[in-house]
Every structure is written in C-alpha cells, then in structure tokens.
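Chain lettering (A, B, C and D) follows the sequence in which the chains are written, and residue indices restart at 1 in each chain.
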C-alpha cells in the first residue's frame, strides 16, 4: 500500500528584524523569509548609520581625520585610531618613537579588553543570560575609568595620533592597571565558568552558525571569526606592527567554527591581552611618545595602507595622496562588513533564535560597517 | 623578484602593465580585460593560492577610476595588490564575486559610491539591490570627485546630481 | 574616583543582608503573634457576611483581586531588588525607602499612559486579550487554600479545576498575539500556546501522582493529609523527582527563563505583548505574577505540606513557602540563558513526559501495594 | 433542586451557549468564530455544573475550552487569508442550509416535546463518589468501548504524524566555493594555537 501525502503549504512570512530590534546591535536590518520558525533566506540591509565618513575625510587634512575614526568601531576606537594613524605614518614616512609604540600597544590591548567585555555581556544577553551583561560591564567600567585617566574620554578617545601618542601615562596608571588585571583574571574565569559550563548556553552555541574554514577564507572573515574556524590569522603575528613582534602571546584557534568557538576565542584573547599589557608595562622604555610631524603635512603622491588587528578582525585603512594637504581617498576595511556578508550564506536553515546567537557571536559594530 | 611574481609573469607577462615584487608584497597593474583570467589563476593555482580577499576599493583620480584589490595567500601569507584603471565615462569591469564571495558586498559598495558597474554580479540587474550603504533610491554616486550635492528637499531621496 | 572592590560581597552589602534578615525575623515574629490578636472583635462582621453567601463570595473575589494586585506590586519590587543584588547593582532606590514604592509609581505611570491600539490590529481581540489572561489567573487563585479556613472556593475537584482554568489562559495569549497583527506577536503567541499545552501534560501527570497518593482531588484535603509529613519527605523517591518535574513545568507555564520564549526580548522583542501599553500591559503583568503565585503556591500545597509547619500560624507558613519558591524561580531566571524553542519542546516531550509517565506508573504501583 | 437560582443559572447559561454559537456561525473572521467557541464551551461546562456533574464540568473546561479550542484556533490561523475579512457572508447554499437546519430543528424539538420525561427525585451521588463511579464504569462495564475509542485516537495520532512528517527540502546550500585552501599545518606557521 502506498501512502500519498500532499504537502500542506502555508505561505512563508517575511520578517524584518531591525533596524529597531533589541538584538541587531545597532541599526541593522535583516530581511528574513520564514517557514514557521525556520529561516529560508536572509538579506541584510545596512547603511542606516552611513555618515559618509570616508568622503568627509577627503575634505580635511590628514591629521584632522583621526577623530572621525572614533566613530567607526565605537567600542574600540583606539584600534580604529591606530589604523588611520599607521596609514598616515606610512604615506608620510614617519617613525613612531619606541615608547609611543609601546603605549599604542598598551592602549589598544586595554581597548580590546573593553570591547571583548561588551561582546561577552551582549552575547550572553542575546541568549537570555542577563546577569553576565552587568558583570562584564562592571569590569568594562573600570577599564573606561583607566582610559579616561589617560585620554580624558570614555568612548571616543582620539588618543592614538599620527606620529604616536600625545601624552605619557598619568601618574600611578601602571599600578592601577596592574591591580585591575590581578582582579580581572579571576573575574574572567568566573564569568567564563558561569557560561561555558552551562548546559543551556552550550546547547545554544555548539554546532550553531558553523563557518567552515573554506567559507571563512572565501568571505574574507578575520579576527576571532576566522580564528574560531581554525584559521590562525592574526595581523599581530602575520604582519606585526608597532612592538607586537617583541610581545609574547598566543593566538587562540578553535576549529569548530561555531558560535561556541568564536566565544571561546574571544575569552581566551582577553587573557592574552592581559599578558600583553603586563609585558608592555614591564618593558616600556623611557623616551618621547610622539614624533614631530610638520605643521603642514603634505605626503608625497602615492598610496598606502595599514593592517591592524582590531577586536573584530583585520581593520585596515587605505589612503591615497596626490601631494596636497588632504587625502584623495580614504577607505576602511571594516572586519564587521565582511562578517555581515557571511549571513546570507549562514542563516538559511537555522531558527529565529539562532539568528540572534549567530549575530551576537559575529560581534559586529554597525558604526564601522556603515562608515 | 619573488617567486610569486615570477610565476605570474610567466603566465601573464604581456597583460601586466606594471609589476613590482617584494618579499611579502607584490603589486600588479593590469588592464580590465586581463583581470578575470588573472584572478582565476591567482585563485586556483596551488603555487599562488590567493584565496583570501582582504580588501577592495576604488578611487577617482579625476581622469579615471582606479580599482584596488588586496589579496592574501593563506599558505604563504603573501599580499598581492592588484590595480585596475577604468575609463571614467563608462566604468565597467567584470565581477569577481563568484571567485571570492566576500567581494560581493565590496563590489556593491564600489557601485554605490562610484557607479562602477560589475558585469556578472548577482545583483547587477537591479540598481536598488546593488546599492548597499546609501538608500535604494539615491541618485548619483557621491564619491565621484565631480559629485555636487543639491538638497532636493527630502533627505531620504538624496540630492540630485547637477550635471 | 576610587577603585571599587571587584566582588559584590562587600561590607556594606553584608550589612544590608543582615538588616534584611533582621526585618524578616521581625515580620515572622509579628506573624506568629497574630493568633494572640483580638480577632474576636471581627466576629460580628464575619457573621454578617456568613449569613449572605452571595455577598460573601463577592467580598472574597474583591479581596482576592486587590490582594493579588498589591502582592504583585510587592513581588515586582522584590524581583527587581533581587535581580539587582544578583547583578551587583542596587535596583530601584528612589521612590520610598530602598525603592519600595517604585512599583506603585510605575503602576500610576502605566495607568496614566496612553492606551495605544495599532491601526491594523484586530481591535476586539486586542482589547479582550488581557482579560482573557487575567480572569483565569485570578480564578486559579480562588481554589488555593492559603490556610485551613482561608480559601476562596473549597472545591472538591480543586486540583483539576486549577489546572483546567490555567490552560484557558493560553487563549488570551493567543488572542493577544493574533490581535496585535504584529509578526513578532504572532510568533510569541504561537510559542506560548505550544509551550503551555506541551508542558501541561507532565504537569497534570505529576498532579495526578499526588492525587493518587492522597486519594483526593481537593487541595484542602491534600494539605490536610500531609499533616504529619510533607509529601516530599513522606515519599521522597516519588516526590523529589516529581517536584523537580513540576518545577520545570511551572517555569514553562509562567513563561520564566529559561523557558521565557514567548516573550524572549532578544528575539521576539517582547512576544505577545509587544504592542501593549498602559493599563492593558499592566494587566498582563499582574496576571503573570498571579500565575507565579499560583504555581508556587500549588507546588507548596502538592509537595511541601501547604500551611503545615511548626510555631508559625498556617498563613505564614504558606506564604513563606510560596515566597521561597517564587524566589527560586527568580534565581533561576536571572542565572540561566534561554533555551531554543525546539530544544525546549524536545526537553518536554522526550524527557519530562516519559519521566512523569513512569513516575505515575510507579505511584500507582506504590498505592496498590 | 428546581429552585429559582438554578433556573436563572440554567437559562442564562443556555442563552450564553446559544448566542455565542450563533456568533460562531455569523462571525466574519474565522478567527473570531474560533474565539466565540470559548463562551460556548464555557456555557456547556456551566450546564454540567448546574447538573452537579462536577467532573464533567472540569473535564469540559480542561479538554474543550483549554486544549481543543486552542488546536482549532491553531488550525484556523494556519489557513490562508485568516486575517482578511473579505470572505463573503452570503452563500448560494444559504437558503438550503437554512431550510434543512430549520427542519431538523423543528423535528428534533417535536421529538423532545413528545417524549415523556421521567422525573426523578434522586440526588446525584456525592461529589467524591461521582468521579469514582465514572472511573469504575470506564474500566468495568464500558471497558471495551473505552479501549476502542482510545485505539481510534491512537490511530488518529499516528495518522497525523504521518501526514505532517513530509520530508523537508534540505536547506539551500551556501554557494559553492572554488577553493584551493592550503592544509591547516601550513597556515599555522608562526601562530601558536592554544588548543
């Protein structure tokens, strides 16, 4: 006996997740086609935060463009500062004094800690564990206090400039930072235990949003996303800048490629950042922090690009000069832009709840995606 | 002269308008016609294996558009910078989004900001779908040097192009 | 800008905990003194109501609803304070002492807020939905014996009645989800009902276990028959797993983390009550907390001997047990992440349902022998 | 038991049941029709209560008002155009349907009116005894029909599973990647993996 069944189809539902949605982390819109709760297709719509920063930069002298970069990746603005500062230094052949290089590494790693803490908190919140959010923001608050003592700002620091860092560390900074790191490592272990050992958390993360090695490479994934997919690609190691070649740190690599792997890469990276910060504090030589740049800075015609490892991945800045005071083109390679591009390939077949987990694990910042 | 540049020159000697090889970085300038075969080789030749698209952007020199690709080989960690000049009046180039899916959005961005057309891009038929950063119905390409915004009254519809 | 200590158990917090313990002890002492109060002065009033059953029932209903509203305000404050304590922050602090009156302020705000109905909503259903949730929530409380003589409606099928009424609450949620004409709401409503109906099954089975053990469906009788030993002590092998299953189901029934999928704010914005504002939203909220009180109280009756306990008066014991169970729910909520809908369903159908079936069979066998 | 409150309760419950049943038929939106079933079922449950059939009262609430109504609503929501109110109320079969149901109704009431109802003064059994008696009847006297009915439900259940379990088309694959990735060892030249 054969049993013939006719499929009862119901029309799919188009759901606009965002631009106002609690879990898109900014103004991202995902147009998803749903069959029940299963996603059939997804088309990310970006540009809600597009401010034309790159165009604005073309109308300003090189060094005036650094503050704009604070608004790119606003969770790690020092890392964005570094990208354009390095590009300006390369195009103008400026060498940063050694102490300035150490300070940059120090500041960037502190900022990486802050950014990854935001990831930890928001990712847990996306999965429903609200408590970790407040814990990690409490730690971040102390980092912000430290950075405020250094730079005077809490979010948009504008403190890594072309040529170095404008001031030296404030008094007692090193001791405060060390004291913080001493406590932070225990706190981090605690939060890590709270989440990593949790069965629900694992069920929501393991095997979800798998990005294969091939996919990660072809889509230009970088940073923790690539390293969660088994690609040991870290600009700090493959093309060391500043004094990263003198630092001793490991690059965490996980091969699973799922949300859990990306989460673990970031947690491990925080430990490594703490290592780097301690080394910087220990080994930093005395001296100037900033190279003198001419008042009227006119680099020779040509183009230059920088490669830096921001908390989100490879952040690079492309500059082209025609010999005048202003750049003719500034372009940022925003890692989040590439990671969002992965979504149409990753999402089909997953459930609505997984979209949130996947998006959270990519840790995108729409400021740098939209520019 | 690096081994990578030698290998590329063996196959595409005459297509390269300019070539410069360093230890970690190779810079090539090619004509738009040679772009596709060159890239196919760059991607598939096991000795080159430039599987990673690191960046791509365009700039407007006033006379022409310069496309700038940055590729990385994951095996040798070698960087390859590829420059293509396009005529300003009819900027069109072949799309490489099928070789590196990561290029899909970058090409859309170049269309969005510069109006460069990418033949073979999955969204090329519909300009509204090609737009990525700007609103779908924006008029003009703001990163061109001759773009002069005129406020049309509705910020959502974008300024009109004057010329 | 001084460096704060990293961990929350600082001296000031220890002091606060101590104050809390002292206050709790004082309240308990006051409650235990209640039998000494001149209650007999109220006897004429009691007699007046007792002679008029209709008026009596009406008064009971009014008392119950107002009690629930006030208790809800208190519970919300408690939850916020507790969440604050767990998350190393203060919680509400400004209105009243330590923010006790914060929820009252919020309630007034909600009362005054504009009642927005989306233009394309299914208006009758949108308007009706909060009451379809609220009324069953209140009705379930009617059969809950707070003490030997404080029970709204001592129904001999109380356990079954409470379960059946609480199921009808799903309809209100479905109406809310559908009526708002919002895709998130529809998804939330569908999730809510699927979840409620699935978790109802193991819950009913566990209640049946207790009913079989105690040979009665009246909640008052169930409590009375636990006079010597609480169920969980008297039949530990059956009732400890039973209580655990019941507790999981209870969490799912009241949509609390890790089962708060219908209102999962990170996925569905706010689920079925996304579009509600003002008083209608408040009604949902009160109903939710009434459900909390009901499930916690129900669990206290089924497993922990209801009002039985030494020294303190029955009402104090019942309230204490209920509050402890609500506290447990809050603890779980603020600690655990949220499950995904399919994981939650398979947890119910592949683990809870078979486990409760086996438990029911074992209970039946233990009663026969 | 034929006291005034019972009479009032009976008539108001009957009115509730009938009026909401009429609304079920009349409602333009089928979802509304589904929700009108709720007062209808509650009214029937109330009728059981006036008869002091407590167990049936609770069971009616639990099964019909709780579970079955929700299932009906689920089914309605999954039908196409459930939200549109453009479904015409008039149907060309309306007259015939009206005639047939009127005829059936008249003949039924005739039959009922002519029946000589035997009036009993016996009170229903005590509340606790009722459920017990029902249980005994179900596993004693009516064991066979009861089991047959449960077999029927079981087969319906299996049938529903068979109908619903349509093989889903696999999720669309990500675009094929023409790739020549090197082996992992080569990429891990310098960086050191933690695990």
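Rule of thumb we're sticking to: a residue touches a chain if its C-beta (ideal position, glycine included) is under 8 Å from a C-beta of that chain, and two chains touch if they have at least 3 such contacts.
Quick caveat: nothing in here was measured; it's all calculated off a predicted structure.
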Looking at C-D and A-C, which pair shares more C-beta contacts?
A-C
In terms of CA centroid distance, which chain is the most far removed from subunit A?
D
Calculate how many whole Å lie between the centre of subunit C and the centre of subunit D, each centre taken as the average of the chain's C-alpha atoms.
27
Suppose each chain is reduced to the average of its Cα coordinates; what separation in Å results between subunit B and subunit C?
61
Dist(centroid_CA(subunit A), centroid_CA(subunit C)) in Å evaluates to 43
With centres defined as the mean C-alpha position, give me the subunit A-subunit D separation in Å.
53
Residues touching two or more other chains, restricted to subunit A: which are they?
217-218, 231, 233, 238, 345
Going through subunit B residue by residue, note those that touch at least 2 other chains and give them in order.
51, 74, 77, 101
In the complex, subunit C residues that touch subunit D
122, 124-125, 128, 132, 155-157, 160-161, 163-165, 167-168, 170-171, 174-175, 178, 181, 186, 190, 193, 197, 200, 216-217
Once bound in the complex, which stretches of subunit A touch subunit B?
46-47, 50, 52, 54-55, 217-221, 231, 233, 238-239, 303, 305, 314, 316, 318, 320, 322, 328-329, 331, 333, 337-338, 340-341, 345, 370-371
Contacting residues of subunit B [partner subunit A, same complex]
24, 51-55, 57, 59-61, 68, 70, 74, 77, 100-105, 131-135, 142-143
Subunit A residues within the subunit C interface of the complex:
13, 15, 21-23, 37, 124-131, 134-135, 138-139, 142, 145, 149, 176, 179-180, 183-184, 186-187, 195, 198, 200-201, 203-204, 351-356
The residues of subunit C that touch subunit A in their complex are 1, 3-4, 6, 83, 86-89, 183-184, 187, 257-258, 260-261, 264-269, 334-343
